[in-house]
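Across the two complexes that follow, subunit A remains constant while its partner is subunit B and subsequently subunit C.
== the complex of A and B ==
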């Protein structure tokens, strides 16, 4: 019991991380539409679209419906939906001759609804090409509005095109980066304490926190690069936040070089603490101001690097918020181990020289 | 910190500068030589390239001047300063001398590059302001980190390692402002200017708060 009280946060961090890894990896994705077999379809023709989807169970559903939707308000119900297998359906659309608006080409999204999987959307699924010289007639496009959509609640993460299964990286890449920021904040706090009191134990604190923070940052960059490979196309995409993150890590790596270049003692503690504070505060524009001024591939860019809204639904929050706490507590634990090691080294040095 | 102490340190800095005038002359020659190398390798660079090269020249001159700010003090000279002047007098005097030197080097680089490569600057006043503020930012970072690196072995290399990443916010915002002055990028000039001022002020504030701790050895 005594040990549990003393080590509660270690147990907590391990429990949370086990939960985060299990839930983050095992909870399935919601059903979603992947692609159709056609890009362009002609107005005035009947067209059979083969739709490929993900995690769906079409054969378990009784009622299948599909719509094409233009500009939010114009919809067209499929005249026939045929189930090929659990992951494929064929939807036949009889496209009216006249387009609903005066434009000749319009992108339509595809909406599929079944009573087992619920409703799914594929944005910009096909483009409909109208015939030349015909007037617009919204009439046929307003006959069957989208209604009575089915919902079935399951514990699952949202389906996003392009992201697909990599959405799970939200529980590793993002919280590691949050954890790194909290760890560096704590290290700046101990650097201030060292400068105010001159207590050399705080030097070991700053060192251990900087070390774990840098390792978390490296993990964050690696997981981010792998994620970027699958969603943006290459490991390093010239994204402003990627660049700034790499520079922040360079700043903290310079801390270790500085520390190694000096001989242990009071002076080293003070100088490296001063550098830690200077670097930490100077990296604030790098992390919080400059990325806001430039376009970025990261979500929520173009002014507000906020994270949330559509990118993080309630199910994801049940894993994401614990993940932040878990990674931070776990890193704090690791930094404590490093701290004790570094304290032992310092004390044995002190003993030998006094 | 007293004004008299600060004045004395500034005088001392300029005397030191005069005593080491060959080091400064070497920097002048360095700037001219680099400008010439750029001219021979890029016949007529685009304004954006001109801008990047210009700030690279200033970056390395700044590194060199920063190295000299503290490292040229012989032996235990800092023990003497420690007893006689307030650390902030010393710090501000060093910054002032590095800033002036860097600013003049930047003007020289602008002149030489303008003569041999052509001058892409449209808004001269704004570019002048960018050079003035940029060299102040460089001077603060390199002077401060030179005092940090003074304590370690192989401090010349260490200064570059410590300095370049920390300098990046200044470098990015100053390059942004000077691109605006070349009418290459169509962004808000006031915003870029305020960003640069904010970054430089932040660095000066940090330097003023932290330097006394660094010096209290």
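== the complex of A and C ==
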């Protein structure tokens, strides 16, 4: 019982992380459209579009419908939808001769709706090329509006093009940063305590928390780099949040250089505590303010605080919030081990020199 | 003689064509391993990075403990 009282947060962190890894990896993605086999369709022709989809069950559905949509308002219903297999359908569109607006080329998005999987959208699916010298006629594009869309609720994560299954990285990459921020906050708290009381135990606290926070940040950088490689195209794209996070980490790494450069004692404790406070205060504009003032590939940038919508819907929150708590408690456990070790070292030094 | 060289040229061309097609399919970013099954391996790689990060950390801690142990042993011998 006594052991439980002392170790409860460790067991809690392990339980939460087991849930986060299991739910984060096993809950399926919602069905979605991946791509079509055509780039351009000529107006005035009938075109059969093969649509490749993800996690769909077309053979289980009875009613399949597909639309092409231009500029939100102009829609065209497929004259025929044929199921190839669970993941493929062929939709035939009879494109009217005249474009709905005066432009010659227009990007159309594709909407597929089945009574089993619900409705799915593929933005910018095909471009429709109009014939030259014809006037615009929106008439045929207004006959069949999109209506009576089906919806099926399951415990599943949103389908996002390009992101695909990597949306699950939200539970492993993002909590590294949240954990790092919380750990650094605690470290700044102990740095203030050290400066106010002069108790050298707080120096070990600050050191252990700074080390754990830096490890979390490095893991965040590496997991982010591999995620970026397969979604944004390269490991490092000079995104504002990437750069600022790297600067923050460099500032915190300098803490260890400073600490190693000085001989152990009261003075080192005070100097490094002041430096930790500086590093923490510098991280606030670097991580919270500057990235929000710049356009960024990351969600929740360019003036919009936080992220939501299809990047973090309610289903994802049931895994994401526990993930933050779990990873933070787990890293606090790690920092505690480092703390006890550096306390042992400090005490043995004190014994030798006194 | 000329026929032979044309033949070998045609063969070289064919081999090059085959190789380039093969390379294009193999190196095509859409078909590579990390992008298969909806890019799930990117998530697996992230989890592996975190796991090995913790492993490296454990190694670091163990080394520090060994150092302390050695210091402790030396002290015992001195007294």
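Simple rule for what comes next: the second predicted complex is superposed on the first by the 351 of 354 C-alpha atoms of A that agree within 3 Å, B and C clash if a C-alpha of one lies under 4 Å from a C-alpha of the other, contacts with A are read in each partner's own complex, and residues count from 1 in each chain.
Definition applied: contacts are C-beta pairs under 8 Å (C-beta built on N, C-alpha and C of every residue); 3 or more make two chains touch, one makes a residue touch a chain.
From a predicted model like this one, the values you see are computed outputs, not experimental measurements.
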When the two structures are overlaid on chain A, which partner does A:168 contact: first (subunit B), second (subunit C), both, or neither? second
Between subunit B (first) and subunit C (second), which, if any, makes contact with A:258: first, second, both or neither? first
Just checking: does A:247 make contact with subunit B only, subunit C only, both, or neither of them? Give me first, second, both or neither. first
Please work out whether A:134 is in contact with subunit B alone, subunit C alone, both, or neither, and reply first, second, both or neither. neither
Determine, under the contact definition given at the top, whether A:338 touches first (subunit B), second (subunit C), both, or neither. second
With the two structures laid over each other on chain A, which partner does A:14 touch: subunit B (first), subunit C (second), both, or neither? neither
Touching A:77, do we find subunit B (first), subunit C (second), both, or neither? neither
Subunit A positions touched by subunit B in one structure and by subunit C in the second: none
Using the touch definition up top, name the residues of subunit A that touch subunit B in the complex. 195, 247-248, 250-251, 254, 257-258, 261-262, 267-268, 270-271, 273-275, 277-279, 281-286, 289-290, 293
Within the complex, which stretch of subunit A touches subunit C? 21, 25, 29, 54, 163-166, 168-169, 172-173, 176, 215, 218-219, 222-223, 226-227, 229-231, 334, 337-338, 341, 344-345, 348, 352
Per the touch rule, the subunit B residues reaching subunit A in their complex are 141, 144-145, 148-149, 151-155, 158, 161-162, 164-166, 168-169, 172-173, 191, 195, 198-199, 202-203, 206-207, 210, 213-214, 216-217
For subunit C, which residues count as touching subunit A in their complex? 34-35, 37-40, 42-43, 45-47, 49-50, 53-54, 57, 61, 64-65, 68, 71-72, 75
